[in-house]
Structure formats: structure tokens, C-alpha cells
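Following this line, the structures themselves.
Here chain A shows up in two complexes: once beside chain B, once beside chain C.
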Partner chain A sequence: MRKRAAVKALKSTLFYAGAVALCVGPLFVFVWMIMTGLKTGVQNIAYPPEFIFTPTLENFQAVFQQHHFFRYLMNSLIIATLATGLSLALGLPAAYSIAKYRQGRIGMIILLARMTPFVSYLLPWYIIFRHLKLIDTYTALTLTHLIITLPMVAWLMVAFFESVPAELEDAAMIDGCSRLKSFLIIVLPLVRNGIATSAIMAFIFSWNQFLFSLILSGPQTKTVPVAVYNFISYGKIDWAGIGAAATLIVLPVSVFAFFVRKTIVQGLTMGALKD
Partner chain B sequence: MSHTLSAISRFVDRRQALVYPAPAVIVLFLIVVLPIAFNLYLAFTKWTVGLAQPRFIGLDNFLELITDERVWNGVKVMVYFSGLSLCLELALGLFIALYFNREFRGSEAVQAIYIFPFAATPVAVALIWRVMLNPEIGVLNYLLRSIGLPGSLWVSSEHTAVLSLVMVDVWKWTPMITLIVLAGLKSLPPDPYEAARIDGANALQIFWYITLPLIRPVLIAALMLRSLDNLKEFDMIYTITQGGPGIASETLYLYSYQVGFGFFKAGYGSALMVAVFMIVLVFNVVMNRMRLSALER
Partner chain C sequence: MANVILKNVVKEFKSVTAVDRLSIEIHDREFAVLVGPSGCGKTTALRMIAGLEPVTSGEIFIGDRRVNDVEPKDRDIAMVFQNYALYPHMNVRDNLGFGLKMRKFPKAEIDQRVQEAADILGIHELLDRKPKQLSGGQRQRVAVGRAIVRKPKVFLFDEPLSNLDAKLRVAMRAEISKLHRRLGATIIYVTHDQVEAMTMASRIFIMHRGALQQSGAPLEVYKQPANRFVAGFIGSPAMNFIDATLVREQDTYVIDAEGFKVRLPEAFYERLEPYAGRPVIFGVRPEDMAARDAAAGGGNGNTLTARADVVETLGAETFVYLTCGPHSIVARMEAPEHPLEVGQSLAVDLKMPKTHIFDKETSQTIV
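Up next is the complex of A and B:
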């Protein structure tokens, strides 16, 4: 009896050791990022690295005052919001239709969008936007971000719409409801969890997008990933600034991800788990 | 006015299957299909952006591609980087998913911390990794030395550059594989497990003879999904090494970007991008075959 209890204790110790081991990697990078932001430039290049130090907020101040970071945050916020909103407006009816009428071919275009390397879009887009004088505009960036967010929203929502029983709609229509009305007031409220998940996913991936913004943005529309990248491109690396800026960029999306971690899988697998 | 409105509403209702997907299809056609067609056309031309006009040269770009040593280096790095990172992410993802598959106190909190890298902005965390990987003053070498191990040159040496990038990729993306496999594990039927338990199978046997065959389609699906981004990994490699030192960590994808936007050779760059697309396509077609045959069994 005692031996069994000992084995059980050992097992649960090992189990929690595993939990600690899993958290070390993510947590260490996360903490190191914040610490880099809270150290002075001199402390950041000290060896051995300082683990205990007096934190300073001057990097965060500098990031906002010298590097116009607030504007970049606003740019990212505006573009991600526009891309998310448009993806929902276009993707929800499309996904509903794909789920209801089994329109597999539309799914193929979405898959094509997903498989093509982003650089392949970049060159044509750069040429077209330069021609239309749309480089460094919200229009150009939002449109290119749709390449990522629209397929994501559409695929995620197909799975959610498929789970809505057809009888509910039929009943509404017998009561004299038009199809459009039943889509808007019966079906959409039923899939609100899916809408929330896909909206958050679209926002995260637009917020994180680097490549399109690197080429198509400019001083007016620079987004935060490009802004933080620029901390290294002026010869000297401003590590303290990188730490502060990275913290500001990563925190909002991490909080979002926390809320959707349960439903995120459907968005990721794009229905691949089902059939 | 209300007459027109109700006419529109009736039209939408009658042609629902056409009207609902139409806006999305039109937009996708404009932002996805057209640029791809343009890219395909450019692949058969010689064009340096800003100089002259695109000139049709047939297959010349593809012939140049075959004899370009940097292309073969790119393919080699791509196979090395993707092969290693995908295998590690799949194996680790599976075992960590098995771990999370049993409820325990605090599992919610552990999972929340564990999936942090997945949503974190790639460029931002890659920069932090770059700070940590610094051979002289980086914290990783400090930790290694403090437990008596020699430090590594990490991304500063051509021998360890790709391996270091694999490490960062595994850190960033294993959580995603875990989430997918975990969802798969949760949806497995309980009957085979009960039967096995009655027959007295041990944990290892259950894993090998029941879980693994059942979870195979999900594993392949996760691999396909991850490969879509992994074969086209850009942000992290561009941020940490820019393909260096030299061209030691330059994947074919990164090289195609360099040719297109570093050298402004739009024609040749497009041909390289078509090559990347073909690799992604072939890989996924093969994987999908495997997934379907695993499903049938």
C-alpha cells in the first residue's frame, strides 16, 4: 500500500516537472523580452547578463517619443481592424454558402491563396500599386492583408456554419422569414463564437504580418513589425529599444490568443481534421 | 424605393448560392489569382524593374535556375531546415499533446503559458532570440557556460546557423502542432481503448497499436498545415540571419526574395517563386495522398 502511494507521488512529481519544463522555454523568452526593455542600453550589453537590476521605463518613453511608435501602433491597429472587418463582411456569406451548397471549387481558390508563397504576390502587387500610386497607403496594406485573413475567416466559418441545423432555418422560413433575414437574425447569432474566434485570428495574423508591410508601407503607414525591425537596420543595434518595442507589440496579441486558444484549432486546421 | 428593396431581397433569396460567395470570390480573384497569373507571366520574361520593359524570353529563366549554384544551395538549406524542424515539431507536438490529453490541476494555466510563442509576432520574438543568441554576451551562452558547457557560435557560424534557426522554429511552432493533435486526440473513439484495457494492454502498447494509427491522419494534416508556412519561412530567417553567414541559411524562398527585391530582377525572381510554389504543391499533394490512405485504413 505504501509502495503504491510512493509510486503515485513520484508519478505526480514527474508530471508537474513536465509542466514546469514545458513552460520554461516560452516563459524565459517572454521574461527576457520584458527585461531587455526594462534595462538601460549599457546593462543590456553587460557580461555576465544582469538578472537583478533596477528597472527603468526610459526605453518605453524613448520608443514613443523618438521613434513615433504610437503612430505605428495606430497604423497596425487601423490596418488589422480594416482587414478583419472586411474579411468578416466578405467571408461570412461566402462560408455560409460553401457550407450550405457544398461549393468545393470556391474552397480551391482559398487553398490556392494559402499555398502560394507571399513573395509571389509581392512583386505583382508592388508593380501595380506603384503604378496606381498606392504604395504607403492603408488601401494597399489592407488589400494585401486580406490575402491572409479572408481565407482564414472563410475556412474557419465553414466548419461553424456546417454545425447549424438546417431545420432552424426551415422553421424560420415557414414563419415567413426571408432567407437573407434568417441568415442575419437566426444563423449569425448561432455562430457568434466562431465569428469571435475568426475575428481574433484574423486580427492576430494581420497584426503580425511583416513581409507585405516591409515592401508596401512607407513613412505614413509603417506597421509595428517593420518599425521594430528597423531598430536593427541603422547599423547599431538598439537592444533596449527592441525589448521595449517587442513587448508593446507582442502583449496585445498574446492576450487575444489566450482567449481563443480553445477554438483556435478549427481555424488552424481549416477543416482538415474533419473529413 | 421599398419596391426596389424588396426586389433586391427577392433576388438575393432566389440566387443565394450565387450572391453570397460572389463578393469574396471577386475580391480573391483580384488579390490572389490575378497577381499569381502576373507572376507566372513574369517568370517567362527578362525584366529589371525600372529599366526597360519586360521582354519575353521563354524558358531561359528556368534554364538559368537549374545552373544557378545559389538555387541548389537554397534547396539544400530548405530541405535541411524544413526537414529537421518539421520532424521535431511533429514528434514533440505529439508527445506534448499526449501529456495535455489527461486533465490535471493547473493544466489550463500551463497550456496558456505554453502556447504563448504561437501568437507572438514573429519579427519581435525573432529579434529577442537574436539578442539571446549573441555568442559573446547573449544569455544562452552565459547559461551554458555557467553549467560548465562550452558556448556555441549559434547563428554566427555557418555550421550552426541553420540548427539555431530550427531551434527557434521549434520553439515558436510546436505549440500549434500540439493544439491540433490535442484536438485530434480528444475526438478519438473510446471503444478501442476500453477493449485494449480489458485485454490488459500496457500504456506503450496502447500508444503504439491504437493511438498512433488512429491519430495518423491528424498528424499528417498538422504536418501539411505547418509545411505550408514552414517551407515559406521568411520573417524569422530574415530577421535573425538574413540568410547568412554568407548564404549558409539562405532558403530558396529567401533567395527568391533577394533576387526580386534586392537585385530587382523581376523575371528571374518570379521564376524562383514559381519553383518554391511547385515544391510546396508537390509536397502537399504527396502528403494529402498519405493522409487519405491513412484515413481509409
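Up next is the complex of A and C:
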């Protein structure tokens, strides 16, 4: 008995040691980013790096005062919300059809769009949107973000829709629903966990998107990841500003993700276990 | 209430014919049971009546209306599913009232009908629970309740008892029969369980490989099966089929199987004439045999001698698995005074008027 207890203790020690080792890398980067934002410019380029210092909030103030950071935050919020909403509106029915009518092939095509390197879209898109006079508009940015968010919503949701027994819809159709109505009032409420997960994921991916926004946005629609780029100018890199801005970008989504982490894990492991 | 008519209904899935020219007429207030082994097309037939599957060809009528192109919701039917298909996100009350709500019934009437159904099924205390919090039997009741609040013309049941344990199944069987009498409704009930079919049906429709084999009252199909399939499907344990030759000996007909020979009753003769001298299949039900100790005398002369291989004692009755020459035979008998022993030699008297003879080529019943 004692031996078994010892083995158990050893196992959990090893587990936690492993977990900590895995977390150190990513967390260090994260902590470094926040520290950079809290240091002055001189402290930031000091060598060896200073770990003990008096934090300052000046950089954060500067981000809002010297740059239009609030406006960029609003741009990001608007574009991410629109992209998420639109990908749900299109992705939910698409995923439902793929699951219900076993259209795996169409699913693959959607996935193919997601797997193509994004850089290859940039030039054609730039030309198309310039002809349409849509450069520096919410429309262009929202639409391009769909290439990321829509496949994500569709693919996550297929598994959820497949888990809804077909008999429930049969019952609903006999009880007086049309196919659309049974989708809306029977099927959708049953996959709400999946909708929440895919919406959150879509939002985060759109929020963090840099490449498309860099090329297709302009002064009016610049998003926060691109705005960070402003801190790099010819001959000077404002590390303190970048650190503060990056912290501000990551903060809302991290707080949000922290509160909904259970839903996300549930959603992503869907189908792994029988409920 | 209404009758249901299927005329030459065919259902093809790609290259597979699931239902083949099915023509049946189910009368008003009848308890019709479609029965057959899995894959025989019975559930597909039911789903076509419900409108959940389109027909490939043929016509379906409910009442006087041709419903081929009518949506399920407009066919005035209710269906109970094998897995109950209760809406998981609604409580029992909302599950029961859902169909009426969709049809825009006034709230007061919905409440009243839900109460009525809850009274009939004794599920009052469950009304505010979610399906997840119910046992299998309770879910089954709610599923039935959801059908009866609608007061439809026709009730469709798709293997509703398959997911229940044996004891509950027997109880629900009786309850559904009672419900049928109380509601006076037309019921179409699909099952693979011939016991359910025999005990509940006013008429049985036996299906095999997409085609109707026979229809009739339970006792009728039991006593006069139309072919070898029906004979083997109805009754438990199944009828024994023995390869034999029909032999004419002077003025009588005799079944000559390897290992035994029995004389057929006079009433059979007329129909047997064309088959004289030909190979046939001799069918005898386990319950139409009486086994006794081979050493004891007596018997009716139509006796075969066999060795007991397996003896299953169920209490009131005993199943004996016998070997007689090349044949394996099951006999069902009342529990004997002295327990039978494995290896014991038994004399088995056949109740000849109750035996059957099938055409070996077509499997159709000769007698």
C-alpha cells in the first residue's frame, strides 16, 4: 500500500514538473512583454537586462495620448465582431448541411481555403479591393478575415451538428416545424456550447490578425496589431511603447478567454468522450 | 381517426430496394404491427407514412387524402421514436406541449391537454423535469404523452420498447394496448420482436427483404403461415424445419425423413397430390411435440426417437434440443415429473394435424 502511495506521489510530482516546464517558455515571453511596457526606454535597452525596477505607467498613457490607440481598439473590435457575426451567419448553416447531408467533400474545400498560405492571397486581394475602392474600409477587412474565421466555425460546428440525433429533427418536423424552424429552435439551442466556442475562437483569431490588416487597412481602419508597427520608425524602435501597446492588445482577449476557458475546452474536445 | 393505405409503395436508396411494391390497408382504429427482422424495410415504410422519407414510387393515403407530397407536419400524425427523441433543452411540460405550441393552440388549451396526457400516463410529478433527469421508462411515457396530446389521426410507433429492460417492456406493452383501447386510435407499430407483435396487434404485417410476406390476425398467421419465412419468424422457439420426401404409400401420404417416418392426416391429402414423390420441407412447432421416455409404451404412432442434447428448464416449461438422425429439433414441453437428462433417449409424438409442409423450391406453404 505504501509503495503504491509513493508511486502516486511521484507521478503527480512529475506531472506538475512537466506542466511547469511547458509553461515557462510562453509565460516568460508574456511576462517580458508586460515588463517592457512597464520600464522606461533606457531601462529597456540596459544590459544586462534589469529584472528589479520601479514600474512606470507612462508608456501606457503615451500609447493613448500620442497615438490614436483608442480608435485602433475600436477598429479591431468592430472588425472582429463583424467577422465573427458573419462567419456564424454563414458557417452555421454550412456546417449543418455538411453534417446532415454528409458533404465531406465540400468540407474539404473549405479546409483547403484555410490551408492555403495567406501570403498568396495578399496580392490578388490588394488588386481586387483597390479596383473596388475598398482599401481602408471595414468591408474589405471583415471579408478577408472570413477566410480565417469561416472555416474555423464551419469545422468546429460540423462535429456538434453531427452529435444531434436525427430523430430530434424528425420529431420536430412531425410536431409542426419546417426544416428551417427545427434548425432554429431545436438544433441551434442544443449546440450552443459549440457556437460559443467557435465564436470566441473566431473573435480571437480575427482580433490577432496582422497580415491582411497591414496590407488592406489604412489610416481609417488600422487595427491594433498593425498599430503596434507604428512604434517602429526609421532608426528607432520604441520598445517601451510596443510593450505597453502589446499588453493592451492581449489584455482584453486574455481576460475574456480566462472566463470562458471551460466552454472552449469543452468545445474543442467535443466528440472525444461520450456524454 | 382514419385508415392508412399504401399502394405499390417502393423505396430505393441508390441501388438498394428497401421497400418493394408494398401494398397494405390499415383500417380505422386498428392496431397494426409491422414486424420483421432488421433491414426488412419496416422502419422505412413507417418513415414514408410519416413523410420523413419521400417515396420512390407508389401512393400513400391517410384518410381519404393522398399524402405523397404533404409535409410531415400536415399529415396529422404523431410518432414515437425508439430513442424517444425528447427535446433535451425543454422540460417535460414543454416537450408535451411543443406540437400544440407550433400549431398555435391557445395557452389554456395546451395546458389542459398536457394535464390530460399527464393524467393518462401518470407523469404529473415529472412535468417540470428535463429529459436527462428521467429514467428510461419515464422518458418512454413522456414520448407517448407527446404523441397523445396532439390527438392525431394516426399514431406511429417505431420500436418504442427496444431500449427498455425486459420487465419494463412487458409492462409498457400492456399499457400501450390499454391506451389503444382508450384512445380508439389507428396505430401503426413497428417492431422486430414477434412477441410484441403477437401480443399487441389486431393485425400483423410480416415483412422480409422489403416485401410483405403475410398479413392477418396474430393467431391466423401463427396457425396458417403463408410461407416458410413467416412460419419460422412467428413463434418462439422457432418452428423446426426438416428436409424430407413426400411419399405416397397406397392410399396415404407419408413424410419420409432420414431417421423417422410419419403418416400425414387425411385432411392434407388433396393439396399434397401434386407433390407426391418430391422433396419437401416438413415443419413442426416445438409446442406441437410431446416427449416421453422411449422405454414407455403408448403414443399416437407418429413418433420419432431422439436423443436429448440440451435441456433448458424454465420452470413451467422445458425446452429440449434433440438429435434425430441428421436433424436437430427443438421441443417445448410442460415440465416433466422426472427431470430429463442429457443423453437420454426420448420418444417424441408429433401432433400431425398441426404440422406444416412447404414447397422446397418456392418456400411457399403447401399445407
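Here is the rule we use: the second predicted complex is superposed on the first by the 235 of 275 C-alpha atoms of A that agree within 3 Å, B and C clash if a C-alpha of one lies under 4 Å from a C-alpha of the other, contacts with A are read in each partner's own complex, and residues count from 1 in each chain.
Keep in mind that, in the parts below, contacts are C-beta pairs under 8 Å (C-beta built on N, C-alpha and C of every residue); 3 or more make two chains touch, one makes a residue touch a chain.
Everything numeric in this text was worked out from a predicted model, so none of it was measured.
Participant: Give one of first, second, both or neither to describe whether A:253 is in contact with chain B, with chain C, with both, or with none.
Facilitator: Only chain B is touched by A:253; chain C is not.
Participant: Identify the partner contact of A:170: answer first if only chain B is touched, second if only chain C is, both if each is, neither if none is.
Facilitator: second
Participant: Now for A:32: first (chain B), second (chain C), both, or neither, which partner does it touch?
Facilitator: First partner only, chain B.
Participant: Who wins on chain A residues touched, chain B or chain C?
Facilitator: B
Participant: Would you sort A:215 into first (chain B), second (chain C), both or neither based on which partner it touches?
Facilitator: A:215: touches chain B, not chain C.
Participant: Let me test your reading of the model: by the given contact rule, A:190 touches which partner, first (chain B), second (chain C), both or neither?
Facilitator: A:190 contacts chain C only, not chain B.
Participant: Would you please give the residues of chain A that touch chain B in one complex and also touch chain C in the other complex?
Facilitator: The overlap between the chain B and chain C interfaces on chain A comprises residues 178.
Participant: Looking at the complex, which residues from chain A come into contact with chain B?
Facilitator: Residue list for chain A touching chain B: 15, 18-19, 22-23, 25-27, 29-30, 32-33, 36, 44-49, 89-91, 93-94, 96-98, 100-101, 103, 106, 109-110, 112-128, 143-144, 146-147, 150-151, 154, 178-180, 204, 207-208, 210-211, 215, 224-226, 228-229, 231-232, 239, 242-243, 245-246, 249-250, 253-254, 256-258, 261, 264-266, 268-270, 272-273, 275.
Participant: Which of the residues in chain A end up touching chain C in this complex?
Facilitator: 165, 167-168, 170-178, 181, 186, 189-190
Participant: Would you mind writing out the residues of chain C in touch with chain A in their complex?
Facilitator: For chain C paired with chain A, touching residues are 47, 50-52, 71-73, 75, 77-79, 81-83, 85, 87-89, 98-99, 102-103, 146, 150.
Participant: Could you please specify the touching residues of chain B with respect to chain A in the complex?
Facilitator: 9-10, 12-13, 16-17, 19-21, 23-25, 27-29, 31-36, 38-39, 42, 49, 96, 99, 104, 106-107, 110-125, 127-132, 136-139, 142, 146, 171, 175-176, 179-180, 182-184, 187, 218, 221-222, 224-225, 228, 232, 234-235, 238-239, 253, 256-257, 260-261, 266, 269-270, 273-274, 276-277, 280-281, 284, 295
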